[in-house]
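Next, two complexes with chain A in common: one pairs it with chain B, the other with chain C.
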Partner chain A sequence: MTNPAVSFAHYYFQYSSGRVPALKDICLDIVPGSFTVLLGPSGAGKTTLCKSMTGILPYYQGGSYAGDVRVLGESTKGRKVSDLAMRIGFMMEDYESQLVSLTAGEEVAFALVNHGFPPGETEDRVRRALAEVGLPGRENYQLDELSGGQRQRLALASLLAVRPEVIVLDEPVSAMDPDGAESLYKLIHEIHEEHGTTFVVVEHRVEFVLPYVTDLVAVKDGRIAVAGPCGDVVPALYADPALRPLLPDLWQIRCGLEARTGQSFRLWRSVAGAVDELRERGMGPLAVRKEGNP
Partner chain B sequence: MKLNAFTWIIITLAVTAWVFILPVKTVACLLVLQLILLLYIKRSKTMLAAIGGLGVFTGMMIALQLLFGSPLDVALFGGLRMLVMTLAFLCMLATTKIQSIAKALVERFHMPVEYAFMLTTALRFVPNFLEDSTVTLDAQSCRGYSNRGNALKRLWSYLIVIRPLVMRAVAKSETLALSMELRGFGANTYGNMPKDPFTAADLVALAIVLFLSAYPLWSRHVPALAGFF
Partner chain C sequence: MEREWNEASGTSLSPDRIPPLTKVEANQQGYRWVAITAMLYAIGIILHTVSPNVGGVTINWTIAMYCIVINLTKPPLTRAIGMGFIAGITLIPSSKSAFPLGNLASEICGATTCCLLLKALAMARLGDWKLAPLVTGFCSTFVSGGVFTFILRLILNLPLGVWLKVMLPVVAVVGVLNAVVTFGLYGPVKKLFFAREGGRTA
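Right after this comes the complex of A and B.
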C-alpha cells in the first residue's frame, strides 16, 4: 500500500503564547497525487495545519505538541525544515515577503544554490520552472519589474524548481482578482496533471478550484470536522449548518436539490456542467422550481 | 572588461585612502575618471540624479565648512575628497551586482553570511518599505491623522504612522526569515554560488591600486615620478 503524502497521527499542537491547543487530535491522511483543499472558518487552524506538515511547527517556531506528522512515510521529528522543504514545498499567504532575491532568476535559484546543486543543473531548473509558470526568459527581471500576479507565479516557480513531491499553498490567490485567481489555479492544475505532484491548498473561495479538487478537508475549532474525497465530504459539509457556508454556491444548490428531489446528481465542476445535467434530466429552471420550491 | 567584485571592493577602499594621501590634483583627476566611468556605464536619469544628489551634498558640506570659518581652499579640498569617496562606492554599485559584492565579502573578507545577506535584503525591501509607509499614511489619514502644525507637532503626530509601519516590517521580516529557513539559507549560500572569474584585468587593477597606495613611500625616493601626480 502506498504511503500517504502527509499523515497526522493523533497530533496536538499548542502555540507557546496560546492558552488552548490550536490543533487537537488530528488524524489525517493526504492521498498522494491528490488535489486537496483545506476549508474552515478563520482561526480554525488551517495555517497551523499547513505549518505542521512542513515541520515549521513545532521545530522552527516552537510550541508544545503530541503525536506525529509523517511526510511521504518519514517522520518530521528531528528533520531540518530546509531538508523537509525539498520534499514538501510551502508557499505562505504573504508571498510578497517570502521573495528574498533581487531578480527572478536568483529567486528561483536560491533554494537550489543553498542545497548545492551544480550550476548547470541550477540554470536548467530555473529556466524550466520559470517557463512552467508562464514567465519564460524572465531570469534577469528585477522583482520590481514584475506585477503582483507574476510575483505570485515566481514564488510558485521557486517551489517547483526543487521539484518537491508535495506542495502546500496557503491561500495562494487571496490578493488576486477573479481572473488572476482562475489563471493561477489553471496553472497549478496543469502542473498537478503533468508531474503528479500532491497539492494541499488552503482556499476560502472553493469556486476557483471546483474543476480540479479531488479531496476536501474541513477544519473546525482545531479539529478535523470531515475529510475525504469530494463526493463523500460535500454531503457531510452540507449537513452541518456551521460548515455549509464553506461550500461553493453550486454545490450547495446541488445538495439542496438532492434533499428536495430525492435524486442523486453528479458533483458539478462548473455551472455549464450543472446546466447540462439538469437539461439531461429534463429539469430546466422551471422544472426545478416546480419540483423543489413551488 | 569586467572586474571581479573583490577587485572593486579593494579599489573602493583604496580610493577612500587615496583622497588623503594623493595630491589634490590627482584626486581631481580621479573625480573626472569616476564621472566618465559612471556616465559610460549608465547615462540615465537615475544616474544623473544620484551624481547630482552627491554634488548638492558636497556643496552643503563646503558651505558648512566656510560658515564655520575654514579657508576656501580647505573647504573645497574637503568637499572634493568626500565627493570622490562617495562616488567610489557609486562606481562599485553601478558596475557590480550586489550579490557578487556580498559573496566577495563572505568569501574573501570572512564577513558573517547573515550580515552579507542583509546587504541584498535591504535593497530588496526598500521599495516595499516605502510602499508600506504610503499605505499606512493613507490608512491613518482616513482615521483623522494630520501632519499639520509646527515641526515638533508633526514629528509627534508621525508616531502613529511609525508604530504600525514598524509592526508591518517586523511581521514581514519574520516571513522572510521563515522563507530563508525553508530554502536552506546558511553557510553554503555563497559558497555554492558560481565562482566569479579572476582575470588579468583584475591583476592589472590591483597592481595599480598597490602602486598608488604606496605613493607616500616612493614619492620621496623617486621625485621625478612623483611629479606626474
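Right after this comes the complex of A and C.
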C-alpha cells in the first residue's frame, strides 16, 4: 500500500504565545500525486497546517504539540527542517522572505550547495529549474532586476531544483493580478502533470485552481471540517452555510442547480464546461431560470 | 482522505479533550542572537567613536546596545557575561582612560547586572514590563561606570570621597542618559528584528 504523501494522526499544535491549540485533533491523509487545496476562513489554521507538514512547526519556530505528522511515511519528529525540505518543499505566503541570495542562480543553488550536491549537478539542476518556471538563462540576474511575479517563480524554482516529492504553497498568488495568478497555476499544473509531484495549496480564490484541483480540505476553527476528493467534498461544503462561501461561484451555482432540479451535474472546471453541459441537457439560460424558479 | 479512526480500538480522541502537549523550544534561537548582537555592537562602536564628550558626560552607546540585546534575547547568565566581555574588548582600543583594561571588568559587571535584573523581573512576573529597558539601562550603566571608576580610583590612588562625591554622580548622569537611549531604541529595534513573530523569539 502506498504511503500518504503527508499524514496527520491526532495532531495538536499550540503556539508558544497561544492559550489554546491552533490545530486540534487533525487526522488527515494527503493522497500522493494529488493537487490538494486547503480552504478555510482567515485564522482557521491553514498556514499552521502547512508549517506543521514541513516541520517548521514545532521544530523550528517552537510550540507545543501532540500526535504525529508523517511525510512520505517518515515521522517528522526530531528531523531537521533542512533535511525535510529535501522531500517536502514549502513556499510561504511571504515568499520574499525566502529569497536570501544576490542572484537568481545563487538563490536556486542555495539548498543544493548546502546539501553538498556536486557543482556540475547543481549547475544542471539550477538551469533546468529556471527553465521550468519560465526564467531560462536568468542565472546571473540580480534579484532586484526581477519583477515580483518573476521572484515568485524564482522561489518556486528553488523548490523544484531540490525535486521534492511534495510541494506546499501558501497562497502563492495572493499578491498577483488575475492574469499572473492563472499563469502561475498553469505552470504549477504542468509541473504536477510532468513530475507527478504532490501539491498542497492554500488558496482563497479557488476559481484559479478549478481546472486542476483533485482534493479539497476545509479547515475551520483549527479542525478538519471536511476532506476528500472534490466530488465528495463540494456537496458537504455547500450543505454547511458557514463553509459554503469557500466554494467558488461556479460550484455554488452547480450545487444550487442540483438542489433545485434534482439532477446531477459534472464537477464544472470552467464556465465554458458549465455552459456546454447545460446546453447538452437543453438547459440554456432561460431553461435554467425556468427550472430554477418554477 | 480524512482518516477514519476506529472508536472501538480506542485510538480516536474526544474532540474536546486535549491530550498532554509536548513543548518544543524554537530551534532558531541558536543563531539569531549572534547576528543581532554583532549588528548592534557595530552600531555602538561607531556611535561611541563619533559621540562628543560634554563635560566628562557622554552616552555610553556600547552599554546601551548590550542592554538592548539582553532585553531582546534574554540570554542565560554565562552568555550575558560573554556579551559583556566582548563589549569590553570593543571599548579598549578607543578608550582614553588611564586604564583601558578596566572596561573588561566593568562591562562584564554591567551585562551581568542587566541579565540578573531581567531574571528577577521575570521571577516577579514582570518579564514583559515596558519600563524594563529603562530600568536595566540605568542600573547596568551605573554598575558598569561604578566599577570602572572604582578601578580608576584604585589605580590613581584617589580618595574615596572623590569617587563617591564626584565620579559616581557623573556616572549617575550618564546612567540616566543611557536609560533614555536604551528605552528609546528598544522599541524600534524589537520591531525591526521581531516584526514577523509579533514578539520575542530570538
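A few notes on this one:
As a working rule, the second predicted complex is superposed on the first by the 293 of 294 C-alpha atoms of A that agree within 3 Å, B and C clash if a C-alpha of one lies under 4 Å from a C-alpha of the other, contacts with A are read in each partner's own complex, and residues count from 1 in each chain.
To be clear about the criterion, contacts are C-beta pairs under 8 Å (C-beta built on N, C-alpha and C of every residue); 3 or more make two chains touch, one makes a residue touch a chain.
The model shown is predicted, which means the values in this text are computed figures rather than measured ones.
Contacts of A:Arg223 after superposition: chain C is touched, whereas chain B is not reached.
For chain A, the partner with contacts to more residues, out of chain B and chain C, is C. When the two complexes are overlaid on their common chain A, residue A:Asp144 makes contact with chain B while staying clear of chain C.
Of the two partner chains, neither chain B nor chain C is touched by A:Arg87.
Once the two complexes are laid over each other on the shared chain, residue contacts for A:Tyr60 go to chain B and to chain C alike. In the superposition on chain A, contact of A:Arg269 is made with neither chain B nor chain C.
In the superposed model, A:Phe110 lies in contact with chain B only, and not with chain C. Of the two partner chains placed around the shared chain by superposition, chain C is the only one that A:Leu28 touches, whereas chain B remains out of contact.
With both structures placed on the common chain, the touch criterion links A:Ser97 to chain B and to chain C. When the two structures are aligned on the shared chain, A:Ser158 is found in touch with chain B, with no touch to chain C. Taken together, the two structures place residues 60-61, 81, 94, 97 of chain A in contact with chain B in one case and with chain C in the other.
Per the touch definition, chain B reaches chain A in the complex via residues 98-99, 120-121, 123-124, 127-128, 171-173, 175-176, 178-186, 188-189, 192-194.
Residues of chain A touching chain C in their complex: 7-10, 12, 14, 16-17, 21, 24-25, 27-31, 36, 58-67, 81, 94, 97, 215, 217, 223-224, 226-229.
Residues 1-5, 11-13, 15, 18-28, 196-199, 201 of chain C are the ones touching chain A in the complex.
Residues 54, 56, 60-61, 81-83, 85, 90, 92, 94, 96-102, 106, 110-111, 113-117, 119, 143-144, 158 of chain A are the ones that touch chain B when the two sit in their complex.
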